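Structures are listed in the sections that come next.
Next come two complexes, and both contain chain A; in the first it sits with chain B, in the second with chain C.
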Partner chain A sequence: MTGLSANPALSRVADRVQEDRRRSRYISGALTVALTIMVAWSVDVTVIQDTDWERIGSVANVWEATSHFIGLDLELFPDLLVPAIETLLIACLGTAFGLILCIPAAWFGAMNITPYPPITYPLARLMMTLSRSIHEIVWALFFVAVVGLGAMAGVLAIAVRSVGFIAKMTAEAIEDIDYGPVEAIRAVGGSNFQVIVYAILPQVLPQIVSVVIFEWEINIRRSAILGLVGAGGLGLVFFRQMNTFNYHGVTSVIVAILIIILLGEAISYFIRRRMI
Partner chain B sequence: MSNRMAAFGGPGKKKLEWRRFRYPESLVSYAGWLIAFTVVVFSIEYLNIPLDRILGMLGRMGDILADRYYPPDIEYIMDMDYFGYVVETIQMAYLGALFGLIITIPIAWFASFNMTPSRRFVYPVARLFGMSCRAVHETIWAILFVSILGFGMLPGVLALTLFSAGFAAKLFAEEIERIDMGPVEAMRSTGANLFQIMLFGVWPQVRVAFTGIAIYTWDVAFRAATVVGFFGAGGMGWYLKRNVLQIETERVAAIILSIIVLVIISEALSAWARRAVMKMK
Partner chain C sequence: MAVLKVTDLHARYSAKGPEILKGISFEVEENDFFAIIGPSGAGKSTLIRCINRLVEPTSGSIVFDGQEVTTLRRVELRRLRRDIGMIFQEFNLVNRMSVMDNVLSGRLGYTSNLRTLFRAFPREDIDHALSLLDRVGLIDHVDKRADQLSGGQRQRVGIARALMQDPKLMLLDEPTSALDPKISREVMELIKEMAQELKVPCLCNIHDVKLATECCNKIIGLQDGVTMFSGLTGDMNEEKLGEIYAMEVL
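Up next, the complex of A and B:
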């Protein structure tokens, strides 16, 4: 300590470090208190006041309600094949449409190639935020209202919902490309369009493919539930089984969903490993 | 976001090579494109998607938006009753994310390949648990819990708990797999037990990342919380469902608008908080 105080500059630094440390301790203390109060309040409202403990009853009652679900309705599985294929195809098509929709979004949303930054850039960012902030169920409700019940609504909902993530990752990839090829194409007189096709696209294509496969995997998960609001696929079967109180059938549908998701994950893992 | 970027070969990836047609690789990649194209065409056929009517649908979409959903009934959501639901939704998301994060810590520990106590038994079980939490959509969890526990916020909290556990466990396990094994080896050689290694060898290395993941999880849980209510689990979703069923489209538009605004606010907050945490590193 004496070595520090001998040098005024050093001791000032030491003071500042201590001051910083004290302040960050205050901040984290205040945060902890605030979070604890928030937890206590939330537990009080949600778990103690809002829950009807008498209806739930004892652990035995809960266990009884849960045990309805244990077991499979094996006869249902052949009927699940067509909805499962439908679900997978809705996911594929939704991702493909999403990719088409995301071309303008990614083009406008990448700061270095956006045609007119003050207008197109915020526009693209708005599109991405809208797409990501609205839940797929809400999108599906909207598209069911527009195009009617069926797979089409599901495809559109998934397409719109995937734009945000794909476009954001693509725009970020475009923003840190290597400028050599861009300048080379410009130097030989290429137009903006030619620059995008020959200099930018080849550089970001591997990343786009990888993002799209990742999103496809998530979209299987999403398309499996869109049937709940009338957009076809396994969700519809789930809804019907639930409403007819065929609990074993519900479990069977969940197992089917798990199987196709595992399948999707395996395919996506395989392709992504091949590409790298 | 940075770990996601890395996963997709973001900045700092190996340099791209320019190359001409090569016999097996290029053929495989062309075949891949062909398969992808075939799948798309087949699904258009199989699902009876009327491609020629899509453009017309865009016009109809505009009409429907203008006729039915415009103007949003803002007055309807500007009342204390609705505000109460919004607060409930936030609380639900908060509790769900919190419980989920508490479960996440052991799951991520068991599901990280370098730190798991037993690679043969615990690792696959923990991986499978995390994967099934993630694979089953949060709305399905909500429906199941509602049918077991009845209407209310508790099923919503439980559904969000499983959802955020699955979500955070994956990110956190990846974070643990990336640590520097030096301190862990050092502690192992002095005879520390598993808990001591976790607490003093691993935790200090992943603390900041965990905070970032926690904030991100809260953000995602909030987005999910806005709709779990749709299936009877309290919060804004229940409000939404009521108005959807009554075909009060202008009110539905107002509710969706309020969801968008809230999600954008929470996203901005979480981005700000994550940046602040990263600075403290």
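Up next, the complex of A and C:
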């Protein structure tokens, strides 16, 4: 290979390019080493030190424990019907109530229609963040403490947990609307309320419906586990089967949860397809 | 007597921003079809939006129907807007609503919030809307959604919506700019006919000077927020037009 010595300018560029490439190799090498150390340390702390190896025993023991769960407790299924329906209803009622809570949240949280920006906008954003950053189980624990055991706590937990996402998406849709109709409704002498109902709502309604169906589908999953903390539905049965060491019963509950989730997905798929 | 009297109107969008209108004065009388012409950015849209205060003027006076507009409070302003119909360049229809609902929205100023929520308009409003839709040639499209119509048809819905208000003045903001030349002429003629029929004076922003001279009896020419010409259409000539549009030639 001939060098670039004949062309000093090009040669300088070549030096710089080579230097840059060498530096980026060092950097990626250093990053790889750092990452490996971090992973090794994590595995040591969380898996090696934190696991009760004596209790796990041999590989055969692990397999035996797993095999407890293989098989269904068919006798349990009739008893799952009511909790399954309850789970679905918790999801439906929770989503509906959440939607009502979204009205003020989305109204205050859309910068272009919020009544008094310095106060109402941060308030709405706080509501949304609070709703989303606290896990549904934690919300359910809170509401079980407030209204006692049962489906009511589940409905409230789902509702409050749903506000964040629905309101955020709705508020963003409102911020993106076409202002033409707003101007037109103002020009005929319409009030702010009329502007919202006549010029804004029709524009964002398809997005709201789509988001609500999506959230409802997720809420079925959520309500299926809320029973673990005493908020009704299939989760409660799951918890009971686990406590009585009826492992086949546990599997039956998981199958039931799977069925209603698939049902929810199917329903949401058909509604979406009909809408579009 | 003048229906609308504008005196020394100034407007700017922000305290530090440029002044868009620099002291505009004119009068619109009954039976006037009053054109505002001028190049893009001259302040035509701002001027027309100051009349019903979709844009707040910074100073000056607007007297409409014997009432000072610039000092009105919110409720009074909404009452005033009921008497001023407006037609927009981009039609500004609610696309996802039916033609009927769009025309009925012209009555919102007279409709309670509860009725608005359920879109429960009284029978006479529906009758009125139907007769207007028949008049603008859309009686076969009553139940269609607004976004299913062509541009010319949408603007006819816009006309019907404005007339639904029984306005005492019509503001037309470039009503034909989004339409092709043939449809533009048809729409403009329809507006003019309806205005004469219902004896509503019109104040019209218009880009097409030829169309303006055909339809309007008075013209005000703006350039960069300043009045360059004001008078009867007959007094307008090429030289003055050149002056108004001088910025564009450059």
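Please note the rule applied: the second predicted complex is superposed on the first by the 239 of 276 C-alpha atoms of A that agree within 3 Å, B and C clash if a C-alpha of one lies under 4 Å from a C-alpha of the other, contacts with A are read in each partner's own complex, and residues count from 1 in each chain.
Heads up, the rule we're going with is that contacts are C-beta pairs under 8 Å (C-beta built on N, C-alpha and C of every residue); 3 or more make two chains touch, one makes a residue touch a chain.
Given the structure is predicted, the values throughout are model-derived calculations rather than measurements.
J.: Which one hits more chain A residues, chain B or chain C?
T.: Larger number of chain A residues touched: B.
J.: In the superposed arrangement, does A:I56 touch chain B (first), chain C (second), both or neither?
T.: A:I56: touches chain B, not chain C.
J.: Just chain B (first), just chain C (second), both, or neither: which does A:I185 touch?
T.: After superposing on A, A:I185 lies in contact with chain C but is clear of chain B.
J.: Tell me the contact category for A:L228 with respect to chain B and chain C: first, second, both or neither.
T.: first
J.: Could you say whether A:V43 touches chain B, chain C, both of them, or neither, answering first, second, both or neither?
T.: Touch status of A:V43: first partner only.
J.: Once the structures are superposed on A, label A:D176 by its partner contacts, choosing first (chain B), second (chain C), both or neither.
T.: It touches chain B, and chain C stays clear.
J.: By the touch definition at the top of the document, which applies to A:Q203: first (chain B), second (chain C), both, or neither?
T.: Touch status of A:Q203: both partners.
J.: Given the touch rule stated above, what does A:I85 touch, chain B (first), chain C (second), both, or neither?
T.: first
J.: Find the residues of chain A that appear in the contact set with chain B and again in the contact set with chain C.
T.: The overlap between the chain B and chain C interfaces on chain A comprises residues 202-203, 206.
J.: Show which residues of chain B lie in contact with chain A when the two form their complex.
T.: 4-5, 8-11, 15-16, 18, 28, 32, 39-40, 42-44, 46-50, 57, 60-61, 64, 68, 88, 91-92, 94-95, 98, 131-132, 134-137, 139-140, 143-144, 147-150, 152-154, 156-157, 223-224, 226-227, 230-231, 234, 240, 244, 249, 252, 256, 259-260, 263-264, 267, 280
J.: Show me the residue ranges of chain C that touch chain A in the complex, using the header's touch definition.
T.: 52, 54, 78-82, 84-86, 88, 90-97, 105-111, 113, 116-117, 161, 165, 171
J.: How about chain A: which of its residues touch chain B in the complex?
T.: Within the complex, chain A contacts chain B at residues 24, 38-39, 41-43, 45-47, 50-52, 55-56, 62, 65-66, 69, 85-86, 89-90, 92-93, 96, 129-130, 133-135, 137-138, 141, 145-147, 151-152, 155, 169, 172-173, 176, 178, 202-203, 206-207, 210-211, 214, 221-222, 224-225, 228, 232, 238, 242, 250, 254, 257-258, 261-262, 265, 271, 274, 276.
J.: Mind pulling up the chain A residues that touch chain C in the complex?
T.: Within the complex, chain A touches chain C at residues 180-181, 183-191, 193-194, 197-199, 202-203, 205-206.
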